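The same chain A turns up in both complexes below, where it pairs with chain B and then with chain C.
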Partner chain A sequence: MKRDWGRTALRRVWADKVFALALLIAALLILGPLLGPSLWPLSPLDMDFGAPLAAPSLAHPMGTDSNGRDVFARFLTGARISLAVGAVVVLAGLIVGGTIGVVAGLGGRIADSILMRLIDALAAFPPLILAMAVTVALGVGLKTAAIGIALSSVPFFARLMRGDILRIKTLPFVEASVAMGAKRSRIVGRHLLPHTTPTMLVQCASVFGYAILTLAGLGFIGLGAQIPEPEWGAMITDGLQYALTGQWWLALFPGLGVLLAVVAANLLADRLEETLNPRSARNQVR
Partner chain B sequence: MSPETATPLLIVDRLEKSFAARNSNPFKPSREKLRAVDGISFTVERGETFGLVGESGCGKSTAARAILRLVEPTGGRVSFDGIDIAGLAPEPMRKLRRRMQMVFQDSTGTLDPRMSVRDLVEEPLIVHGLGDAAARRAKVDAMLELVGIRPEFATRKPHQFSGGQRQRIGIARALVLEPELVVLDEPISALDVSVQAQILNLLKDLQERLGLSYVFIVHDLTVAEFFCDRLAVLYLGQVMESGAASELFSNPQHPYTVSLLSAVPRVGTKGSNRIILEGEVSPLGSGASTGCAFRARCPVGRDRPICASDRPVLAPRGTGDHTVACHFPGELRAAP
Partner chain C sequence: MLRLISGRVATSLISLFGASLIAFVLLRLTPGDPARLFLGQFAGEDAVQALRAELGLDGSMFSQYLIYMQRFLSGDWGFSYSTGQSVAELLLARFPATVELGLFAFLFAFVAAVSCALISVYRRGPVSDGGARALSFFAQGVPPFWFGLMMLLVFFEGFGWLPGPEGRLGLRVIPPPTVTGLMTVDALLAGDWTAFKDAVRHLILPAVTLGLMPFGFLYRLLRANLEGVTREPFITVARGRGLTRWAAYVRHALPNAFLPTLTAAGLLFGQLLAGSVLVERVFVWPGAGALVTDGVLKQDFSVVQAFILLSAFLYVLTSLVVDILAALLDPRVAQSQGGGR
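The block that comes next holds the complex of A and B.
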């Protein structure tokens, strides 16, 4: 039984090439940064003054930067930072924004009005400006950048969650649970929240991408990670000035990292949603 | 008769539920109310089936929901086994729900599509903290067996079953708590005729085995006659006529009941003596607050002044507890 399930899962992943590819990218992006720094001999901060701005070669698969630091080592450490910030932002946004959305959706008109006006005020700032303001106010750095980005993602989660809750709570099976005698907490936990997973998964994936891009953007204008820190956005900033003079590898590889992480996250969320949906065409017996 | 069985299980006394009527002009809010349930009274004895009959929009489902407090009644009293339901705090009300369950019309929507059948039928037991895991499992299997769902299919999701099977799951879910009162809100109207009969027989069978009392919401008169011990005929949220099913069907007094019964096809009679009612159920603007709610469509009282000025009260007529709310009961007779 267990084995059958595993085999079915494998067969389905194999049958869906896009999903398999996304899974592969995700595995590389997660395992690489986890294991890479211990396997790869070069450190992201070690400078090799003998070879500044060296083109990709066997010794330096992604070349070196202006100070002779190995771009591949920096790419791996940068992936760690970007993915961690992405995950933290998604979790914080989901928990804070999701809770606000649930309370607003269930709490009656007064709670709904107060909470949603607060969210409106938060959403009135363009997300990047809000993240910038928070970062500057709390002191420039990676942590404050993550806080700022998480805060700017709260309105997305709150509004979506509220809308979903308002829709789901009118569905007949919710009334049926009340008639059955279920407690409110059970109705929320077992009947409302599970039905928000499809929207929330997609939202998590897009916020994950948004967080990585915004962190790179903040790094790009000097508000995120500071220059020696190997963060993808900061690396792109640093690399751009050399793009015109022919050292394309400096900006290209971290940029590619951002692109792959965002695409993989979106594809995974998409497929996961389909898998969880009991009525999706993909789940019909073939 | 022991004192416990002397009081009826359910007493519904002048139950009211009104909604604020919508108005097209937002600057002139309407004071008019839509009275979906307008002072319904009836009692349900232990072990009997009480039917609420009426056409679409007459407030049957709202009445059912108000009885179980799924919508808050705006007036009147519901007492279940001597307990006044309207005044109950949320937690005692929740606990009381173990004894009063509901079977819904829409079995597709009322079963959570993400849960397996076993989880769906087990959930009421978990919610009310009955039994440990093994006892619950045994109970769920027994219940599924009882309603005719093979327990080996219990890991499937509701959408993998047919409409009739889903309704059986809904029934299992309501009955697994061993309630005393079950409100059946048109449990068979979404099913095709052959399955309707199966579900009705199942419900009857379960009633005998478990000693259940039913409040049966129905618009099909043939089904009502077969299934109900006593009936109330509703029109615009008011009881037009009530009494024992056999009495009501053999000796209808209210023009509305007579017209409804004339529309039921009978074997061996020609279908030409139907009484055709003009117009349709229109709650607002029919002046429902004064006079008889039915007078706009009534072949007897349309032009009589008393029907426009005074609302008729339910008065005894015929045998048993047969009551009619009409100024001219028995005047309209179906052509033989």
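The block that comes next holds the complex of A and C.
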């Protein structure tokens, strides 16, 4: 039975070329940074003053920057940073936002309205600007940027989770298990939470993309990682001044990295939504 | 209807109150003493104390919050540490440029989204629909500042068709007298055709860059709505009366597909506001967003903090206006909102 399931899944993925492509990009973006720095001999921080601003060549496939640092090595490490921040943001947002959503959905009117007003207050800022505010307050850096982005993703998770819990808790099978005298923790753990998986999975994929894009944005305006650190957004800023004088490779490659990672995450979210929530409003009209 | 509006106003006020609390807490978390920062490290201790008293920094947290809000609401947003100018003055002077850029970006996003959505749904072919969808994924995944830079590389460096990053007008063009602050409108009012053309040429790349993400968002929304509406019976009726499919779509389906997108206009506004911070710097556009990035670079955060709370106010206000408009225009929205909390 199990093998059949795997084969069907494979065949479906293969039949859907766009999905297969998104998975391929995702696999490359995960494997590349994991293995890359150990396979690629050059360090992202070592300077080679003999070859500053060298154009892409065999020795430096993405060229070098103004201090002679290898852009390809920096690109690989940058991918690592983006993936790590994306994963941390998704986990933190899911845990904090999800918990708020569950408590608001089950905790009665008072808890619900207090928590949801808190979420409304967070959502009163455009997400990027909330992340900016947190980074300014806690001090500029990669860690605070991650905290800011995670906080700005909390409303997304909390609202969805609350809506899902409110919907699922009225379904007959939940009522049946209440009637059978199941403990509350068991109902939440065995019946409610597992049924929120499809929505949450889709949301995780799309927040992952959001996190990478926002991290690059914060890095670009100077609120995230600082220059020697090989973060994609900061690398684009570094390339900004050289781009129009002919050294286009400094900004081009990190931007391509962000684009690929975010599009892959969004495609994944889109296809997951189509497959897992066939009855959702978004798919009704297709 | 009145109950609906007052309820909506009340929830907006509550979330604004919460947002101002968050902004205040974040402000207090910022390391460093604002009075010391403003006066510099050589000022005497008593001068710092006097300024602290004047700014209300020695009171309780509660009274500090009240003073903070009172100052914000009366338009006193503090001083920029680097230039000594008032933040309100700085921001107001920069606002027209941002508004003009935002308007043009919205225009681009709207026209592009409507045409792409119509083509997608009308032709349904893998090439046109797939192409438009791919474009929307690109638009929502590309970092806007990077896209702007690449556009500059192609159209300024490469072909030389469009002006480079030099702000709103070329160096040799005399700016028209300021009336509205919008360069294109001012040029038209002055009858200055060369300035108008130059202003538009300077607007194209920044506006497309800023409008790209809203375009992707609007397109996906419009396409889904349009798909649904084209299956409604009244489209069949319109076709039965002898209208071509195109005419039925454009005249009957499109206006109905707009209504649900109206409620998303608040989100769209937020995207434009946040995007201006990212995009303006690339094009050296003299707007409020560039002021914020300059503030970050110079570690002059008073401008940034004022902008943060201001953007929350504008964002909540837009969503409020848009929601009320949607309820007035569409009884179905009023019904569903009245039924909710």
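Quick note on the criterion: the second predicted complex is superposed on the first by the 250 of 286 C-alpha atoms of A that agree within 3 Å, B and C clash if a C-alpha of one lies under 4 Å from a C-alpha of the other, contacts with A are read in each partner's own complex, and residues count from 1 in each chain.
Keep in mind that, in the parts below, a contact is a pair of C-beta atoms (placed from the backbone, for glycine too) under 8 Å apart; a residue touches a chain by one contact, two chains touch by 3 or more.
Model, not experiment: these values are computed from the prediction.
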* Thinking of the overlay built on chain A, is A:123 touched by chain B (first), by chain C (second), by both, or by neither? -> second
| said: Let me test your reading of the model: by the given contact rule, A:54 touches which partner, first (chain B), second (chain C), both or neither? | reply: neither
Touching partner for A:191 - first (chain B), second (chain C), both, neither: first
| request: Identify the partner contact of A:172: answer first if only chain B is touched, second if only chain C is, both if each is, neither if none is. | output: first
Check whether A:158 is in contact with chain B, with chain C, with both or with neither, and answer first, second, both or neither. neither
Exercise. Give one of first, second, both or neither to describe whether A:181 is in contact with chain B, with chain C, with both, or with none.
Key: first
**Request:** Using the superposition on chain A described above, determine whether A:233 touches chain B (first), chain C (second), both, or neither.
**Result:** second
Between chain B and chain C, the one with more contact residues on chain A is chain C
Interface residues of chain A shared by chain B and chain C, listed none
Listed in rising order, chain C residues that touch chain A in their complex are 11, 14-19, 21-23, 26-27, 29-31, 137-138, 140-143, 145-147, 149-150, 152-153, 156-157, 164-165, 224-225, 227-228, 231, 270-271, 273-274, 277-278, 281-282, 292-293, 296-297, 301, 304-305, 307-308, 311-312, 315-316
In the complex, the residues of chain A that touch chain B are 171-173, 175-183, 186, 190-191, 194-195, 278-279
Chain B contacts chain A in the complex at 68, 70, 94-98, 101-102, 104, 106, 109-114, 123-124, 127-128, 157, 159, 173, 177
Counting only contacts in the complex, chain A reaches chain C at residues 117-118, 120-129, 132-134, 136-140, 209, 213, 216-217, 220-223, 233, 236, 239-240, 243-244, 248, 251-252, 254-255, 258-259, 262-263, 265-267, 270, 282, 284-286
